[in-house]
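Each of the two complexes below includes chain A, the first together with chain B, the second together with chain C.
This part shows the complex of A and B:
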C-alpha cells in the first residue's frame, strides 16, 4: 500500500460522495445531523420519565413524606384536604390517621411506588451520613438463587420499618412453597456481615434502612407483611443507556448506506476496472474508499459524544464498532448483485450489529453481560463509572478484530475475477472464504482469525439468553456454541475444496483439518477475555465460555480442547473434500462431537 | 516489448485460454481476432495485469504482468467504457493521472492533447450526460494519461458510429506511428486489416493462425478464379443475360472450363482472380464461428 495513493483515493471518494449529493439533500442531511446533535444532550439531560406524575399523593407541605414524593418523578403531591382518596383527587393520602389508599389497582401501585420512594429517600439520606458504619451497621449481601416453585406466602425477616425505628433487613429470607396441600419454607439466602464493615459488592447488594418509615398502607388483605424477598429489588429502568445507544448507533446506519452504495457502484458496469489496472493496489483502493466514511463516522461519533458529555474514551471505544459496521457492509456490497440486494444486506447488517451493540448496552447499569458491547463503555464513561482495561478490551477487541477480518476477506475478492461476477450471494461468500487459502498454514491462520466472529456470536447468544431460565438457556447455548465453532472451523475449508484451492485428497483434507483445529485452539484463547469481566460466572456465560478455562493450568485439560478441535475439524474437512452432502453430514458429526464434549465440560464444572 | 509465452487461464473447470504465445515489437499494432468466447478478452486482461495467468507468462517492458510496476507502463481500454458518471472528463482524467504520479501540469497537457485529437470539446460536464462515443473517447484518453509504452485495447470501436469509429481507428494507427505498442481485439475485421501489422486468430482459447496478413492469407487463404463464359456450363451461375460465372481453384480448372465452353459452341469471355479476405480466412480457420 502507498499512503499517498490511499489518500488520493480517499480524497476522490470524499469529493465524489459530496458532489453526488444535490444541494437540497446536502442541506437536509446537515440539518438532520444538527438537529440530532442538538437533541442528544436535551434527550439525555431531560430524559422523559415513564409515567411521570402518574400517582397523586395527598401530602402536606411540612410533612416528612413530602420530600420523598417531590423527589420521585412518578409521584405528584396534591392538596391533602379532606377525603382526598375518597373524592378521587389522590391515590394515596398521608395524614394524621396514617396512610390511606384507593382500593383500586392504581391505588395499590401508587402505594408500592410511594414505599419505594420513601425507602430510596432514606437510603440517600443515610448514604450522605459521615459515619457510614453508623448509618449502615448491618450490610446484607443478597444473592439471587433460583426459585423453583410459586411463592404463596410466609416471610421471615424484618425491615418493613413500620415502627418508625431504624430497621435493618436480615439476611434470612424464606420463600414458602406449597405442594399437595403442605407448606414448607426454604431459606434461600442470607449472609450477615459485621456491624462495622461495609462490604456491599455484589451486583444485587442493597440495604434497607429506614429513616422515614416506609408505610404499608391500609391494603385490604395485605396484613401489613411487606415482601422482603430478593425479587423485590427491581433494576432501574435503563432509559439513559437506551438513549445513548440510540444516538450513537443511528448515524452509523446512515454512513453504511452511503458506503455500501459507493462500493457496489464500483461493481456495476465494471466501473472499478480501470482502478484495478492503475498503480493503486487493492489495499489502496479499499482503504482509500473506506477512509472518508470511517472518518465521517468518527466525526459524527465525536460530535454526539461531545453533545452528551462523553469523553475521548467513548469515541475510541466506538471506533471498532464503526469499523465493523463498515467492514460487514463492505463484504455485503461485494457479495450483493444489485442495489436491491445491497439494501437487504445493509438492513441485515444494521439489525444484527445494532442488536449486538444495543441490547447488551441497555443493561449497562444492571448486568455484567453489558460489558460485551462497546456502548457499555460509553455509558460508563458518561456516568463517570470506572472501567478496567480488561472490560475495555472485551468490549472493543472482538469487534475490532472482526472488522479487520471482514476487510481481509473482502480484499481477497477485490479483484477482477470476483468483483464483477454475478454469482449468488452464498457462492460469493464461499469465494471470499476460499480466496486467502493457499496452504494448510493459511487455513490455520484464517481459522484463528474467525474466532472474533465466534466470540461475538457466542457473546450475543449469552446476552440474548441470560434472562431465560437456565434449564432452557444452557442447552441452547451449548448447541449454538457447537454450531458456531464448528462452522468457523470448517466453512472456509469447504469453500477451499469447492473452489479447488487444495488438491482433492484425503491427505490434504487431514492436513487442513488439523490446521483448522490447531488454529481455532490458538485463536480460542481470545475467549479468555471474558474472564476479565467475570462473564463465566454468569450461568449461561459459564456454559459458553467455561470450556476455555479448562485449557488453563493442567496439561491434560489443555490437550482435551485441542484434541476436540482437531478431531472435529478433521471430520468436517474429510467430508468437505467429498462435496456438499458429505460436508453437511460430516459437519453434523462434528457438531455432535463438540456438543458431547461441551456437555461433559459443563457437567464437570457443575 | 511484449512477450506472451504459454499463457493459460482457467476459471474453475473452464479453460478460457490455452497456451497462447506471441510477441509484439515496439511500434507494432497486433490484432487479436476471434469469435465470441474465444479467449481474446481474457488474454488482454491478463496482459493488463487484471487477471493472473493460471500458467505461462506475460512480460511487458521487462516486467511480469503480475508486477505492480508493470501497470505504470501500460494503458488499458476495457471493452465497455466504465466511467464515474458524476465526474467531468477533466476531473476524471486528472484523478487517474494522479494515481499514475503524473505532475498536474503535465497531466493537463496530456489530457488536453488527447481530447483535442479525439475531438471531444465538452470537458466540464458530467460524463453521465455523454453519448456512448463521447464516453469512449474519455476512456481512450484515460488510457493515455500516463503516456504508456504499451496499449491494450479491447474492442476500441465497439458499438460506435462510423465517424467515431474512423477517429478511433486512425488514432490507434497514429499511436503506433508514435512508437507505442498496441495490442487490440476487434470484431470488425475491416479495421483489423486496415490497422494491424500482425494478427492472431484465436479460436477456442488457442491461436489458430498468426502472422502478417499476407502470411496468414498464404497459409490459410486461397486464390479463386472466376471464369465467365457466353454459354451455360455445369455449376455456373448466370450473372447477366448470356454471361455465366464459374468459380474454379486452379489454372487446370480454368483450362477445363475453356474446353467445356468450346464443346458447347461458346468461349470464355473473362477471367478474374480473387484473393481471400481476412474474413474468408477467419471463417476458414474458425470453422465458420462468429
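This part shows the complex of A and C:
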C-alpha cells in the first residue's frame, strides 16, 4: 500500500462523485437540499409534540380545570355532555360528581397525565403568590449515594477505587468508572463526610444535612442548584440519548448509502476492472474509496457535535462507529447481488448498529451496562462528567476492532473472481472467511480477530437480557455465549475446508482446531476490558464475563479455559472437514461442551 | 393488465429469490420484539404501580417533622415507611440496606419543611425510589399547602386521586407506532428506486421497453409489489404490538394511511430513478426528497405521525379523518400524476 496511490484513488472517488453528476440531477439535489434548509427553521419554530391531543378530557368551558387541560399538549378538551366517558368520547370527564375515567389502561394513563397537568398548573399559580414559604411549603435536597455490595475477600477498596471511596464533594463529581454520576438539578452543595467501607455495604458519597436548605422568600429550585420543590425532582430517564442516536446516526445512513452504491457500482458490468489492473494495490483501492466517505462522516459528526454542545471526546468516540457502519456496508456491497439487496443490507446494518448504540445508552444514568455504547461517552461528555479511560475504551475499542476486521475480510474478496460473480450471499460470506486462511497460524490470528464481534454480540445479549429475571437470563446468556464463541472459532475453519484452502486430512483439522482454540484464548484476554467498568458486578455480566478474570492467580484456572477452547475448536474442526452435516453435528457437540464447562464454572465458582 | 401482473410477479420473485428480504424482516421483527420488551421493562421500572406493583420501597423517616410526613409517605401500597429517632440512625439503616431511601424532614420557622433525601445511586432501584419519593413529597406538599392556605391569596386546584396510571403508556403510540408505520414505507420507496435504477444501469430497461408494455404499465408493475409489501410488514408489527399489550384501535385506518404514504414514496422513488440516471444520485435525491416530504407534512395541522398515533390509540378527531382522506387522495393523485408524467417524459 502506498499513500500516494491511496490518496489518488481517494481524490478520484471524491471528484467522480461531484463531476459525474449531470445537470438535471444537480438541480434536483439542490432543490431537495434547499427545501430541507428552508424547512429546518420552520420545524424548530413550530416543532409539534408527537403526542399532541392523544388523551381527551371532557371539561366545560368555564370549569377551573379547563386551564390546565388547555396548557398541556397531550390533553384535548372535548364537550362534557352526559356520559362522555361511557360513550367513548372522552377518557377523563370532569363534572359535578368529581372525576370519572374510562376503566382502561388508556383511561388511567390519561388520568396520570391530567394529574401532572394540574400539579404543574398549581405550581405556576403558586409562583405568583406573595408568601412563597406557604406557596412552596416543602423543599427537598436530593442526594444520590452509591451503595455497592462488597465482594468477598476484602476487595472492597480495589473494586470501587476509582469511583472515589471517600471525600468527593457532590454526586456530580463522584462518577468514576461506573455510572455513579448524578444528573438531577437537585443535588446538594453541602459538605461531605468520608465514606465507610467497613460494614457489609460501602457508602461513597454522603451529603451532610445542609443548614442553608431553604432560602426565604424565593421560589426554590429556580436557580438550577440547591434545594428544589418536589415537582422539580426528575427521576433519571435519559430519553435524550434517543435524540442523540438520531442526530448522530441518521446522517451516517446517508453516507453509507452513497458509499454502498459506489462500491456496488464497481461490480456492475465489470466497471471496477480497470482500477484492479492498475498499479494500485487492493489496499490502495479499498482504503482510497472509503476515505472520502469516512472524512465526510467525520465532518458531519463534528458539525452535529458542535450543534449539540459535545466536544472532541464525543467525535473521537463516534469515529469507530462510523468506521463500523462503513465496514459492514462495504462487506454488504461486496456480497449483494443487486441494489435492492444492498438496500436491505444497509437497513439491517443501520437498525442493528443503532440498536447497539442506542439501547444501552438509555441507561447511562442508571446502570454500568450503558458503558458499552459509544453514545454513553457522548451523553457523559455533554453532561460534563470527568473522562474515564476504561469506559471510553470499552465503548470504542470493540467497535473499532470490528470495523478493522470487516475491512480485512472485504480485502480478501476484493478480487476479480468474487467482485464480478453472482453468488448467493452465504457462499460469498464463506469465500470472504476462507480467503485469508493460508496456514494454521493464520487461522489462529483470524480467530483472535473475531473476538471483538464476539464481545459485541455478548455485550448486546447481556444488555438485552438484563431486564429479565436473573434465574431465566443467566442460562440464556450462557447458551448464547457458547453459541457465539463456538461459531467464531469454527465458521471460518468450515469455510476453509469447504473452499479447499487446507489439505483434507485429520492431522490438518487437528492443527487448525488447536490454532483456532489458542487464537481465541489469546483474543479473549481482550474481554479483560470489561473489568475496567466493573461489568462483572452485574449478575448477568458476571455469568458472561466472570470467567475471564479467574485466570489470575491459579495456573489450573488459566489452563482450564485454554483446554476447553482447544477441545471444542478441534471437535468442530474435525466435523468441518467432513462436510456440512458433520460440521453441524460437531458444532452442536462443541456448543454442548462449552455450555457444560461454563455451567460448571458458574455454579461451582460463581 | 396481465403483463403488469407478470412484471409485478417478476419483482416479487426477485425479492423472494434474494432471501435477504426474509433476513431483513426477521431482523425488523427482532428489533420490534426487543423494543417492546424494552418499553415493557422501562414501564415496570419507571412506573412500578402500572405494571402490577411488585416492588415496595422502604423509606426511613427522621427529623422533627418526621412524624408529620410519615403517614403521607406510607399512604401508598408501593411504599413502606419506617420512623427513626434521629437522622444518624436513619442513615445507618440506609447504609446497612434496611431502608431504600431516607427522608430527614425539619420544620423551619417560616412554616416551610426542609427535606433531605438520600437515595441509592447506580442501580435500577434508583429510578423506582426517586419516582416514589417524588410522589410522596408532592402529596405532602399539597397537604402543607392546604394547612397554610390561610396565607395564600389564591387556592390551588384539587388533584384527583391516583389510579396507578402508566405515564409511559403514550410512548408506544406516539413514538414507536409512527416509526414502525413509516419505516417500511420509506424502505419500499427506496427499493422501488433501486429496482428501476438497476434496470437502467444494467441496460435491461431497454429490453423491458421492447416488451409490449407502456411506461405507465411498467410503473404499475414495479409499484404493485413494493406498495403491497409495506402494509404487510406494518400489519405484522401491529399484531406483535397487540400481543405485547399495545392494542391498535383503528388498525385498518392506520394501514390505509401506510398504503397512501407508501404509494406516494414508491412512485416518487420510481420517478426519481427514471429522471436520474445513476443509482447513487437517485438514492440521494430520493432520501432527501422523502425527508423533505415528511418534514413538510409535519407542519400540517395534524402531522402524519400524530394522525397515526391518534388512530392507533383511539383518539381520532375529525381532523385525523380529514388527514387520512387527504393522504389517500394525495396517494392516488400522486400515483396517477407520476404515471402520466413518466409516460410523457419518456415518449417525447
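To be clear about the criterion, the second predicted complex is superposed on the first by the 387 of 606 C-alpha atoms of A that agree within 3 Å, B and C clash if a C-alpha of one lies under 4 Å from a C-alpha of the other, contacts with A are read in each partner's own complex, and residues count from 1 in each chain.
Just so it is clear, a contact is a pair of C-beta atoms (placed from the backbone, for glycine too) under 8 Å apart; a residue touches a chain by one contact, two chains touch by 3 or more.
These numbers come from a predicted model, not from an experiment.
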If you stack the two complexes on chain A, which partner ends up touching A:133: first (chain B), second (chain C), both, or neither? second
Once the structures are superposed on A, label A:417 by its partner contacts, choosing first (chain B), second (chain C), both or neither. first
Is A:257 touching anything from chain B or chain C once the two structures are fitted on A? First, second, both or neither. second
Partner chain in contact with A:16 - chain B first, chain C second, else both or neither: first
Touching A:30 in the superposition: chain B (first), chain C (second), both, neither? neither
Looking at A:269 after the superposition, I want to know if it touches chain B, chain C, both of them or none. Which is it: first, second, both, neither? both
In the superposition, chain B vs chain C on chain A residues touched: C
Is A:125 touching anything from chain B or chain C once the two structures are fitted on A? First, second, both or neither. second
Go through the superposed model and pick first if A:278 touches only chain B, second if only chain C, both, or neither. first
Dual-contact residues of chain A (chain B, chain C) 20, 269
The answer for chain B against chain A in the complex is residues 11-12, 45, 48-51, 68-69, 71-72, 74, 76, 78, 80, 82-84, 86-87, 91, 95-96, 98-101, 139, 142
What residues of chain C sit close enough to touch chain A in their complex? 14-15, 18-21, 23-24, 27-28, 31, 34, 37-38, 41-42, 45-46, 50, 87, 91, 94-97, 104, 106, 108, 110-124, 126-127, 130-131, 133-134, 137-138, 140-141, 144-145, 147-149, 151-154, 156-160, 162-167, 169-170, 173-175, 178, 187, 190-191, 194-195, 197-198, 201-203, 245, 272, 275-281, 283-285, 287-289, 291-292, 295-296, 298-299, 303, 305-306, 309-310, 313-315, 317
Touching chain B in the complex: which residues of chain A? 5, 8-9, 12, 15-16, 19-20, 269-281, 415-417, 499-500
